[in-house]
Amino acid sequence: MRAPGGKDGLVAGDVLLAVDNVSLSFGGVKAITEVSFDIRKGEIRAIIGPNGAGKTSMLNVINGFYHPQQGRITYKGATRQKMRPYVAASQGISRTFQNVALFKGMSTLDNIMAGRTLKMQGSFFWQLFRHGPAMREEIEHRRKVEEIIDFLEIQAIRKTPVGKLPYGLQKRVELGRALAMEPDLLLLDEPMAGMNLEEKEDMSRFILDVNNQYGTTIALIEHDIGVVMDLSDRIVVLEYGRKIADGTPDQVKSDQKVIDAYLGVSH
Amino acid sequence: MAAAASTRDDTFPKLLGRNARDRGARPAIRHKDFGIWQTWTWAEVHGLCRAYAAALHELGLQPGETIAIVGTNRPRLYWSMMAAQMLGAIPVPVYSDSVAEEMAYVLAHADVKLAAVEDQEQVDKLLSISERIPNLRHILYDEERGLRDYDHTRLHHIERLLARGAETLRADPAAAAALDASIAAGKGADLGVILYTSGTTGRPKGVMLTYDNVLISARNGCAFDRLDETEETIAYLPLAWVGDHIFSYAQSLVAGFCVNCPESPDTVVEDRREIGTTYAFAPPRVYENLLTLTMVRMEDAAPLKRRMFHYFLDVAKRVGEPILNGESVSLTDRLLYGLGEALVYGPLKNRFGFSRIKVAYTAGEAIGPEIFRFFRSLGINLKQLYGQTEAAVYVTMQPDGEIRADTVGRPAPEVEVRIADNGEVMFRSPGVFQAYYKDPEATAKTKTADGWVHSGDAGFFDATGHLKIIDRAKDVGKMRDGSLFPPKYVENKLKFYSNIKEAVAFGDGQDSVSCFINIDLTAVGNWAERNGIVYASYQELAGHPQVYDMIARHVDEVNRSLAVEPMMGGAQIKRFLILHKELDADDGELTRTQKVRRGFIAERYAPLVTALYDGSPEADIRTEVTFEDGRKGVIAARVKIRDCATYPVAAPAPAMENAA
Amino acid sequence: MFYREAGQYKTSYAADMAIFPIRQDRIGIAVILLIAFVIIPVFGNQFFLSSVMIPTLVFSLAAIGLNILTGYTGLISLGTAAFMGVGAYACYKLTSWFPGVNILVWIIASGFVSAGVGALFGLPSLRIKGFYLVVATLAAQFFLQWCFVRIPWLVNYNTSGAIEVPERTLFGVVITGANATPTARYLVLLSVVAALTWFASNLVHGRVGRAWMAVRDMDIAAELMGIRLLTTKLLAFAVSSFYCGVAGALMVFLWYGSAEPEVFVINQSFLVLFMVIIGGLGSLIGSFMGAALIYMLPIVLRMLPAALGLPIASATVEHLQFIIVGALIIVFLIAEPHGLARLWQTGKQKLRIWPFPY
Amino acid sequence: MNILYALFVDPWVQMGQAPDLLVQTLWEGLVSGVLYALIALGFVLIFKASGVFNFAQGIMVVFSALTLVGLHEMGVPAFLALGLAVAVMFVLAVAVERVVLRPLVNQPDIILFMATFGITYVLIGLGELIFGGNPKRMIADELYLPKGAIDLKILGGFVSLQKIDIAAAVIAAVMIAALAFFFQKTRIGRALRAVADSHKAALSVGISLNQIWAIVWFTAGIVALVTGIMWGARSEVSFSLQVIALKALPVLILGGFTSVPGAIVGGLIIGIGEKLGEFYWGPLVGGGIESWLAYGIALAFLLFRPQGLFGEKIIERI
């Protein structure tokens, strides 16, 4: 779809998104405390940490679902006090969810098609007739969607209602839906949660391929440390909403605070 | 005489040219890709292949050089063959699922200069063995996915080659002319393709077939069933297998019909249904699976529907085949059958994707008679043929109206067949291969100076002049009294019963035949449930007297059917036992392709074999087994043995044997 | 059983995305249209046309309207009747201002008026969800109802306080008012309904429909995918109200002939909601089935005693009818919560995989 | 200009000029508010325990009152009739749980919502079939409910309080107190509260969900009966009550679907609000605004506190 470099004029290595001193709390309960880190274009960035470390909240802040009480977010050079979901989406941030958030009533195809809504601007009038421009647009986007379906090897379930699919496949469809937005920054919330080894391997392969084929920057939360170490270029470690480490897998692996944090949790 | 007719368009490239001229706008090939059936007309294919050829020429592919084709059935791989042939080069399709080691041998032996492959997986495989095939200059791939970062000095995306070739042809008339010249230069006698026979026995051998070999056979095949440009067929069998080369490549070119490539190997069934093939080929197991699936599903259907279903199946059993064979059937039966067509047969064929079927073939191994009849009774013109790579497929075929479950038909057009005194089938035809590539002594062993080929199969012509294959020639033994003992033939007769999963027959050098039997757990299990028989384990079920009774009945039927066959009557089963465990590839009792290893089993279960012949009513056996998790264990059992009645051997084959 | 899909392969996306990709379905639709447009007008008697077909069609259209809102977008509304009313009154005003202009134009135009009002009352839907939204729509229901009663201007100060439908013609044929034949009214109505149904199915199968369903199934995910919740919901309200408005206008002009405000009371809203639920949420065909069932059931029930020769007072029948309808609704919800449409779907699926059970 | 004056100044002036009228209006509002609150209470009980949005609460009010009056008409002594009415409500509760809730467990809310519509229809049909459709007089005297009015001389005018209204207010207060006690102190009550939080918790108390639902519907039935009596005594027992009962919805919006105090406060706000509105602003637009004002108030309110008066802010998680 798009080669690395992208329409935003950034080249691999530039800072795509920077979170600066962000704090978030719900009625006194602190979810995130003064966290800062950045995500560079073209990298796979992992956010790890024990349960309740505020990982998901972090993603929610990044794509504007939660609004931090303090701190700034710089995305593609523009600095904001908070993101707005629509802005985030229309500027190329897409994501998947911890527990699959697909549109249960729709087929795999429609789910991924729905992912392209932002890119479809055809007039309502033609929609009424499902002809002319509307149909042309529909077909053009169907092509793109089919590329994704092919890419994720889910041809066989193209027209199956997602509700009927096994969990592993649902996760894959959700990834497809996120890809349909042709994101510059892809947020994956525990893409391999509850998967067996084989499914995990597939998913890892897809993530790497996405990153390699489309040059998409990826930020992912994952519990399976092994997977994270293999996949990611750099890792942020959160604990109780605070950043305790940040760096390459090797640096993080050898970081005492991290080791403690992980020995601290149920192991 | 077909050979005469073939002088004008006697090579694949010429035929492609002809099709582009005569039926340029008709679909030549489809591929379910990106959700729809992408279609190319003959004219388009012609253009693309020429462009491809031009590009291959630029990559330095010389006449007489070989190019490997590795992957599943996809248009661009078929085009790779065509493009190579346009340059007078020889395509060598390879089984894409073969392991690197095996592939390395074949590619090295064929000394391929180029390889056209499907995707990253195959590219990796080739790169991993690249030092074994030093002469491999370039690898061309169809699917770019994952190959972006590979070093592209020797890698080429076929898509781009096509574009580049088209550019060359446009820019440089000389190149176009040269290409035309090389196409025109091709002759029927030229080597067209090298097909490696899968190495179940020893090293794979490269069967060299000329254009004439393939095309004459293909023509005869088309003529035999009056195939024309309106056929639709699904290409899903390995490219390296001669069948696919004939059915999906040669015959498509000869008759000008459209070949459809499935979306992926696991969507073949749906894709077949969507296309609604008119000309189909499948090994027996495919039909078997369809039938089992049908019956299993109908078990869960509502009682009324189920009764209706079976009622009409009986009707079909009674009158279906006669109607198909155009024999006279009473009006009421015709009406009933018509009703059945509306209620059952039509829908079934629709589910199978056979609604529009003109003729369907099965071959490779024996097909169960009731399976065979089931499909025919639905009005599907299912036929058997007997073929070999060395014969460019056709040796014998079943002409309409003479279809039988238990024979493989009469010699195909232009094919001579005779039975050697050791019972081996030999044939001679225009389709007979030239030689095994770089293997003169193997060639000498197989092909006589005057062009007769040893099929390696034992068989005989029955009273009606139809050929029956009984076994691999080398496996056919003789019993003390000198009568033939074809183990596989007996075993297959047994295995036709769904209750019997495997059978191992003994008798070579003995004075009677006896056998081991493996019951089919699912089938017998269901049966047991229905009859309220409780069992805790396979072993217990296998030992159950009622199960023995049931199997004994099957054996008895087998004996009767053997008795009426003059040459086989001697091989009736005297004693049998039901093994206490399933034969298992993990224990080396079966080959990985699920064929029984008779010798190994004979010694592993020696006590049982002796017991079979010393007349004892039962025997003890301890066997070491390997469980799924790889642990070893020992199973001990006392196995009962049953005696069976045998029947006097009849003289010539009576009419009741006719399935048709 | 009737399906022969083998050989129906698609070589283009257009064909693959067709609303009826299976040939047998296309044939089926053609047959239905033939019956509706030819057979029924020719053979159906006046009673059947004016007391069964016309009302059913009107309600079907209203049901489609509500289904777009509730079934496709997941927003429950009890204001349907009010929006129908808006359509009716708007159409009445427009046609009495410009008698010259073809009534069909005004019927459609009134739909737009209703759409506007609907969108207005849809505004709260961004902040509030579920049953809270029900109340918002109830506000619309009661407020508008109140307007119909209290604003005589709406009925041109008729002393009756009711809409009295003037006579209007189409191609010289009288289609509204006392002198319009049931056949004429039926055909006009049918054409409008058919056309609007086609539009609706185009919408729900396209980008708009997907956005609606996305909001219905998982609004958060939809929002984070850049689907604007407010616009999507408002659009649903507008389109929904458009259909209800047109339905209302048609109801008064092609069916009742005159209408008091009581026509648009909340019970009417309930009725349509029943139709949608019983018919099947998120299904156009279901809207028709639901309308047919819910509207015809009472008719049948009313006729039944007479037909069976049972001596039951009409009042009693009336009461029994309530009980039976209520009971049926419960039974139906228990038996098939997804409505007639689901039954239809499963039936069709069974035919497709026939003779197999699955 | 005038219109603005009429809207924003004049009403207040009037209130100032005739405070006794204001008090009278407030009282009227208070009483109808109490009744709204009672109906809303029924909703809340059921919604809390079974998550069902019980549309039938309104008809339950009518039906219970009809049963009472109807039975008495058939010659049953008043208090026996009262007892029987309670029994009927019990049967109804059990029936609803058996026939409707149990088979529909785990269905989406809207389905259960629709089911209560079904119940409504059935009850309407039954009511009319058995007791006839025409309005009836509530047997207030037979139940020794007070009649007449007390006239208070205050603020230079006088305010007239119907005794029945006072009774209504008192009884309502008593019943709410009783309910509160029931919920706080009794085992079943605690179970019910548990259900509202989590169904598992309820089971741990050792009462099956089905029982709990039956009990809750029964309680709601009793609330309905009381409401019916009070309302009937003030005006009459007729099916029109059923639509008025919808007024409970805006009350719920204000109070939140799960908060008993919310229901009460909400009821009062709505009652007083709409009476004031009708009395001082209604005339400007030709009156009758009572029919929708309540909804208007609720709606306006919702836009600022989507979670209602007493509900806590919802944090959406993904």
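Observations on the model:
For reference, chains read A, B, C and D in written order, and residue numbers begin at 1 within each chain.
Note that a contact is a pair of C-beta atoms (placed from the backbone, for glycine too) under 8 Å apart; a residue touches a chain by one contact, two chains touch by 3 or more.
Since this is a predicted model, take the numbers as computed values, not measurements.
Chain pair with the highest count of contacting C-beta pairs: C-D.
Taking the mean Cα position of each chain as its centre, B sits at the greatest distance from subunit D.
For the pair subunit A and subunit C, the distance between C-alpha centroids works out to 41 Å. Mean C-alpha position of subunit B lies 58 Å from that of subunit C. Mean C-alpha position of subunit C lies 33 Å from that of subunit D. As a whole-number value, the distance joining the C-alpha centres of subunit A and subunit D reads 49 Å.
Residues of subunit C found to touch two or more other chains are 13, 220-221, 224. Touching of two or more other chains is recorded for residues 316, 318 of subunit D. Looking at subunit B, residues 35 sit in touch with two or more other chains.
Touching subunit A in their complex are the following residues of subunit C: 13-14, 17, 19, 199, 202-203, 205-208, 210-211, 213-214, 216-218, 220-228, 235, 282.
The residues of subunit B lying in touch with subunit A in their complex are 33-35, 145-146, 148-149, 263-264, 266-267. Contact residues of subunit C toward subunit D in the complex are 70, 76, 124, 127-132, 134-136, 138-139, 142-143, 145-146, 149-150, 220-221, 224, 266, 270, 273-274, 277, 281, 315-316, 318-330, 333-334, 337. Against subunit C, in their complex, subunit B makes its touches with residues 30, 35-39, 232, 273-276, 294, 297-298, 300-302, 305, 309, 342-344, 346-356. Interface residues of subunit C facing subunit B in the complex, by the touch rule stated above, are 1, 3-13, 15-16, 353-358.
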